[in-house]
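Per-chain numbering from 1; labels A, B, C and D assigned in written order.
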Amino acid sequence: MALLLAGISVLAALLSSVASLAAGPNGLAWHGMLWWMQKTPFRPVQRGERLTPGRFSRLARTTPFLLLGVSGGFAVTAGMIALLGGGTRTATLPFGLPWLNWHLALDPLAGFFFCILGIPLIAASLFGPGYVREFEHGKHTLSVLGLFTGLFVAGMELVLLADDAFLFMIAWELMSVASYFLVAYQHEHATNRRAAFLYLLMAEIGAIAIILAFGVLAGFAGGLTFEALRSVALTPLWASIAFVLALAGFGMKAGLVPLHAWLPEAHPAAPSHISALMSGVMLKIAVYGFIRFAFDLLPSLFWQWGVLVLLIGSASAVLGILYALQQQNLKRLLAYSSVENIGIIFTALGLSLIFQSSGNSQLGTLGLVAALLHSLNHALFKSLLFLGAGAILHQTHEHSLENMGGLIHRMPKLAALFLIGTLSIAALPPFNGFVSEWLIFQTALQAGGIQSGILRSLIPTASAVLALTSALAATCFVKVYGVAFLGLPRSRHIARAREVRHPGMLAGPSLLAAFCVLFGVLPTPLINALGSLTQPLTGFVLPNISALGWLWLTPVSPEVAAYSPALVLLGTVAVGWLCYYLLYRRTGLEPRRAEPWDCGFGGLTARTQYTSGAFSMPIRRIFEPVFDTCETVEEQTEGPANTRVTGLRYHFQVLDRAWLVLYEPSGRAVTRLARRVGRLQAGNIRTYLGYSFFTLIVLLWVVS
Amino acid sequence: MAWLMAILQTLLFIGLAPLLSGWIKRVKCRLQNRKAPSLFQPYRDLRKLYRKQPIVPQPASWIFRAAPYIVFASTVLAAATVPLVAIHLPTARIADVIVLVGFFALGRMFLVLAGMDIGTAFGGMGSSREMTISSLAEPAMLMAVFTLAMSAHTTNLSQAVNFVLDSGLVLRPSFVFALGGLILVAIAETGRIPVDNPATHLELTMIHEAMILEYSGRWLALIEWASQIKLMLYGVLIANIFFPWGIAQTFSLNALALGLGMIALKLAVLAVMLALSEVLFAKMRIFRVQEYLSFAYLLSVLGMLSHIILEAAR
Amino acid sequence: MGFAGLSLYSQAVLLLAGLIALTSFLMLGQSRLVRLVLVFAIQGILLAATTAVVAGVLDFPHLYISAGLSFLLKGILIPIMLHRMIYRLGLHRELDTIEHPARVMMGGAFLVVFSYYVSLPVVAHSPLVTLNAVAVSLAVVLLGMLLMITRRQAVAHVVGFMSIENGLFFAAVVSTYGMPMVVELGIAADVLVAAVVFGVFFFQIRESIDSLDVDRLSKLSEADKP
Amino acid sequence: MIAAYLVLLIPLVGMVILGLVADSRRAGHINVRCNAWALAASIWLAIDVLVYGPRLSSGQLLYIDSFNVYLVALTAFVGLTTSIFSGPYMAHELETGRVNARRLRLYYVMYQGFMLAMYLVLTTNNMGVLWVAMEGATLATVLLVSLYRTPESVEAAWKYFILCGVGIALALFGTVLLYFAAEQKLGIGGNALLWTVLHEHAGLLEPTIMRLAFVFLLVGYGTKIGLVPLHNWLPDAHSEGPTPMSAILSGLLLNDALYAVVRCKMLVDGSLGTQMAGYLMMGFGLLSFLVAALFLHRQTDIKRLFSYSSIEHMGLMTFAFGIGSPWATFAALFHMTTHSLTKSAIFVTVGHAAQLAGTQRMDRIRGLILTQPAIGWGLLIGTVAIAGFPPFGVFASEFLVLIATMRDYPWLTPLLLIGIGVAFAGLFRHLQLMVYGDVPEGQKAIPANLLPVMIHLALVLWLGLSIPGFLGNWFSQATQLISGASPL
């Protein structure tokens, strides 16, 4: 049943791609309609009106997104059924290799990730039709966009459904390739091309790493289905090789430091609703792959792995947010913050691995739950923020924070939604981001129960890094909101921005915002539902999550820690309203509008405000060693001998260290090697004859 | 009953906060050989502000108007979760110490947003500095708290206090470190000398004041009050976590009276110490604050590690 | 038993083998194209003679055919064609100098030793003494390649190629008394066509780089120019 | 068995007819028709084999088993589609005056001649005839390489001819040794060169001789496969000849040379009982794979680029055959099919792209997608397919190769990983610039027949999604035959 629904959602996604292929301005259906209209001159008089080109193009624009929405809806329902129902449903399709058909399975883990996939998908499909309208008259046809969007979604859903390594890899690569085409969609910009190239290259290498990881298991198991792989017995060495390969492969997709550098290039390059899906959902698919491989397939876990994951995760978290703080392009900033959140998720996974392998399965379960919850939350608020950024982009065609400002007056509704996203991602109570980070902290605080002293000292340090990360995240998103939406507009077109007209472009974000609040306020039922998921993976369910009832969240036990977001919200509203009532209603003193006082300095202009670069300057100074900043100050001087300085222009650019230490050197190495090898093809035939001659001699000498 | 107690304690908290800052001012004046205002001066200030008509700067949006309420509310909620005179109150279950930090963060967030909302240079400056400082102070505070939580095996404040009470007088090195860290953080977070000076409007040095520069009337009153509560809150934290003796474990009348007396005493002593330090030290340059805070961070982490290494249960 | 004890047939075969090897060496050292072709023709005739001897003594009638074929092709037809070409392309006066002839000769000698060493295991498995000729044939093949490597003249390349063919053919004769007829014919046809195609190419190369110096055929190079 | 003879006869007749036809347009149609008939015959043959199993012709001259029958069908198919494409293409070349009518006639004759040689290579049972046919293929194509008579093309043709000639000669020496080894055991007579007989008695053959023989055969036929360092002729020949020729060279000739090597390997393995042949093939394969991958980065000519990618893929197949485990062998067989389908499709699009831009230099080809979406997307999708992305068939084989390598020779996998990565980067760094971006002025769409491309890519897609049953059976039977075990 659930599997059927999931299948339907995959089909719907594929259908949407087919539909958009057919319905493009030079697509089949379009020609078909024209042909049909001029073929039957009299009948479609009334139909003819109904199908004017304008209406047709609107139809062509909306149909694929409608189908995507359907797909999302089915995905969520299927996921819910699988998650709540528990158990695993399997099927096989007559595709693939002759001795290995496609095996499908839908278990609670996949179900949960189906939910993670479905909700942003619905939002994106609400948001899409309005957003893509601006592409309609561009030089790129919408049908390409729709085609690959559908394939992209179908690929992600198939990854979740796959139950054998072969299908898994097919779906995985389908996802990568389709998203590559989406990144390269606006390919007239060289930067987009470069980003797309880098993206696909990394995806390819990562995929090979994953294949090899599967290969290790398959080598011992002799089969490629997940059942066969599960039942394999590995020596610790081989298990570790497989694990490291998998970590590299999935981590590359998820954007773990130092393999992350492609991510901030690629995600902003795509159209915004795609960026939302990529950052919000695709990274979670990578997380799913990692969980599936490490917790489900691998026979046994070792604490060293946990330490490795913990270290990498913490590094990604803190570096990601530090780099995010220094970005001026809004979408790049969001992409870097995805790196941070993935880092947080992997930190939780690392904790879970450590506890799991040191025999403390209940805490391992807690860590896993925290990771899963944060995946869901990140999917929600990151998609929300990307859609918001997309809306701004759509209305103002502005990427850079430096030119924004005061948008809260121009687009109030969007501003409100964006604020919710900001509060959630800044991990403030009572929103959803806080719940998952709180759970992670709770997990880390149980480290006292571990025997090994190294771990007991390592884990708190990691949690310290996590604390730093969340504080910096708050700073980062205060900057985003304050600079983009508050204050005075910093450029003319921003000052003339208007609220989005298309209702869907607000409906999508509001859906996500609603979920952000919902899961923030009532996390307990959700976490309870995850029990059916953790049972097969770790053999545990969290016993007393809801020991004090559904209103309270008590991960370990009521004595250790309790948190009731609902009451927190209630209290805040109550107190706030009380003050409001007492202070305002009673003394009805109407506030008066006036020029800001500003210590008596008058004449405020937009240029006197703090810019985004200025806001993050102290952090830049404090964390100097992390960054690779190049700053330039231009003086505009005049007067005799240019002594009088009339203007200063300050540029700064923060380069990603990963480029300098990892990417560029390897690129150079390849070209150098290629030049060496090029000498083989010197062009002289006698040299060539010499090659074959000596090859022959050497071989003869070798064999005889 | 318990809920009633909780609400009463919260109201008490709110009510006493201005008194504490009045007391601090008084002690300070005495130390500087100045004529001190009355203990109740803060209440008068609040009333005066409350009567005045507030002014909204031109570019401000609803965030500017909503911020004071949210700040005040979050601070009050924070106060509600901290045991003042008694433990085992139900409110302690709503939010543990991590959530407490979250409350501070929430309030700060809106204050900072309000500071940027008016689009002045000072607002942005103050917001930037505030976030910078807090992004260093918050982890330090969390670490200090974690040290406590790990030895008490709980993040629930009243449970922790209970644990310290039960274990009697134990000289834990980790607690010493944590105490040091927490004090440093408290000074930074409440904007006292040497990090910030609440009594100045000198443009280039102010942090907290720069953000609330444009506030007036009842909003300013709320914000001031909130910051007074915050100050007292830190005091109570330090007092009741590290020196919890005397706090009421039952709701009997004399126990509560004793608790009230004790906490008043502790706070008074702390206030004197604070005043002393404010008189002795001078304000730091903004970029020296990071060293100060990283020292606090270091202290807390040391506390954590010493708990792990020195106090490992064998 | 010594060489003297061998049957006259074997001695003949081995003698011819020696001669063929000698011709290969001559070719290697020969710098005038005309003489090169001449030596090549002699080699072809020797090859035919060997085939005939084998055919006669061991009485394989079909070897007569192949003997005739090789005589016609390698001994007469191709040499004449090449000769004509050389004159029509006006190369008969041209000297195709070899750099370090001494080294080349040493290399050739080494190749002979090497091929003997390589073919030892082959020989070991059969009583036939004539098999030692396999070593010679291998040597001829390798010498042919060496010839092609050392010469810059396209014509010389063709000769070297053909002498490789000779080596193969010789190997086939002495080791396996010729290949099956189908194959023989096929090979002959191929050689013929190849010869013709070579002829075509001489002119194409000539008209493209107006010389037959293969070293100048190096437009399609990928090594970055210094 | 009539079908087999038909397959050989039709191109022969085709040669004669095309030799007589003067009008180039009609010649093109006839060429297509011949290939169509040949395809029909080969399908008949395939069904024949499908129904009755391996067939040996009377006189034992021809032998069809599941290993070569699908290659025959593939050859016929690619030959047909390429001829469909070559008609208008050569007409365009005639208009632009790069060729004249006489050469065009030569072209068509040689086309059929080449097809004949290919069929003979595949169907014959006699190692000697195999050699003859292989040499014939060289002779048939060498004049096509220099069809344009440009200095480059002549040079390329000359190198092609000399290098392949020498290489093939060495292969003949190997054949002689093979014959010698066989004769000692099976007695003097014609059928000592018959593959069936040899394979039957492989165990008896003298190992030492077989070892030498294999070295010569590998170097010989390896030259035609384009194994590094014997590959130097390949990029030149592929890039300088007319594009349809490049398509069939890449799509068919390389396959058939590899086929010959594998046949020999089966004999040698049977005789030696060691992995020697396998190791040699693995070594050569891996070397070619890596070196070609590096070469991709330095290309400026679009056809050279893809010919290097052919070398890379042949290297991968050789490597896989060398591993010799069932999965690897299956993968290699499968890869032969998908690679030749994809690569010929790519060459068709490349030809159109080059005509469209008026040059083969890649830095002059820009913005294909905007100029002519069909060509641009065709090239892009084709390259994605050849780079081994699913759901195209190439992925499945590369997947299996990786898994098999991980299983048998894990320490080689890093090399494969690097190789695939480098090769991918080498392909796409050039490709993206050509298909994407804005259109340079003066570049406009041309009449192009992309039917073959679509058919090929559709087939590759289909194979990638699911291998049809009969094909799967053939592959697994062939695997059984080659590696001695079935992948199932």
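Here is the rule we go by: contacts are C-beta pairs under 8 Å (C-beta built on N, C-alpha and C of every residue); 3 or more make two chains touch, one makes a residue touch a chain.
Values in this document were obtained by computation on a predicted structure and should not be read as measured data.
Asker: When every step has to jump to a touching chain, what is the lowest number of steps that links chain A to chain D?
Answerer: 1
Asker: State the chain with the largest centre-to-centre distance from chain D, centres being mean CA positions.
Answerer: Most remote chain from chain D, centroid-wise, comes out as B.
Asker: Higher C-beta contact count, A-C or A-B?
Answerer: A-B
Asker: Distance from the CA centroid of chain A to that of chain C, rounded to the nearest Å?
Answerer: 69
Asker: Counting only Cα atoms for the centres, state how far chain B is from chain D in Å.
Answerer: 78
Asker: Between chain B and chain C, what's the gap in Å when you average each chain's C-alpha atoms?
Answerer: 100
Asker: Cα centroid separation between chain A and chain B, in whole Å?
Answerer: Each chain reduced to its C-alpha mean, chain A and chain B end up 37 Å apart.
Asker: In chain D, what residues contact two or more other chains?
Answerer: Residue numbers touching two or more other chains: 158-159, 162, 166, 170, 208, 212, 235, 295, 298.
Asker: At least two partner chains per residue is the criterion; list those residues in chain A.
Answerer: Within chain A, the residues that touch at least two other chains are 675, 678, 680-681, 685, 689, 692, 696, 700, 704.
Asker: Mark out which residues of chain C touch at least two other chains, giving numbers and ranges.
Answerer: Within chain C, the residues that touch at least two other chains are 118, 121, 145, 148, 157, 214, 217-220, 222.
Asker: Considering every pair of chains, which are in touch?
Answerer: Final set of chain pairs in contact is A-B, A-C, A-D, C-D.
Asker: Once bound in the complex, which stretches of chain D touch chain C?
Answerer: Within the complex, chain D contacts chain C at residues 61, 126, 128-129, 131-132, 135-136, 139, 142-143, 146, 149-152, 154-159, 161-162, 165-166, 169-170, 172-173, 176-177, 179-180, 183-184, 188, 190, 193, 206, 208-209, 212, 235-236, 239-240, 295, 298.
Asker: List the residues on chain C that touch chain D in their complex, please.
Answerer: Those residues of chain C that touch chain D are 118-119, 121-122, 124-126, 138, 141, 145, 148, 154, 157, 161, 164-165, 167-168, 171-172, 175-177, 179-183, 186-187, 189-190, 193-194, 197-198, 200-201, 204-205, 207-209, 214, 217-220, 222.
Asker: Quick check: in the complex, which residue numbers of chain D touch chain A?
Answerer: 158-159, 162-163, 166-167, 170, 208, 211-212, 214-216, 218-219, 223, 228-230, 232-233, 235, 276, 280, 291, 294-295, 297-298, 369-370, 384, 387, 389-391, 395-396, 399-400, 402-403, 405-407, 410, 413, 416-417, 420-422, 424-426, 428-429, 432-433, 436-438, 464-467, 469, 472-473, 475-476, 487-488
Asker: Which part of chain A faces chain D closely enough to touch in the complex?
Answerer: Residue list for chain A touching chain D: 94-99, 139, 165-166, 169-170, 173-174, 176-177, 184, 187-188, 190, 193, 196-197, 200-201, 204-205, 208-209, 211-212, 214-216, 218-219, 224, 670-671, 673-675, 677-678, 680-681, 685, 688-689, 691-692, 695-696, 699-700, 703-704.
Asker: Mind pulling up the chain B residues that touch chain A in the complex?
Answerer: 50-59, 61-63, 65, 69-70, 72-74, 76-77, 80, 93-96, 98-99, 102-103, 105-106, 109, 112-113, 115-125, 127-129, 131-132, 134-136, 138-139, 142-143, 146, 149-150, 153-156, 159, 201, 203, 213-214, 217-218, 221-222, 286-287, 290, 297, 300-301, 304-305, 308-309, 312-313
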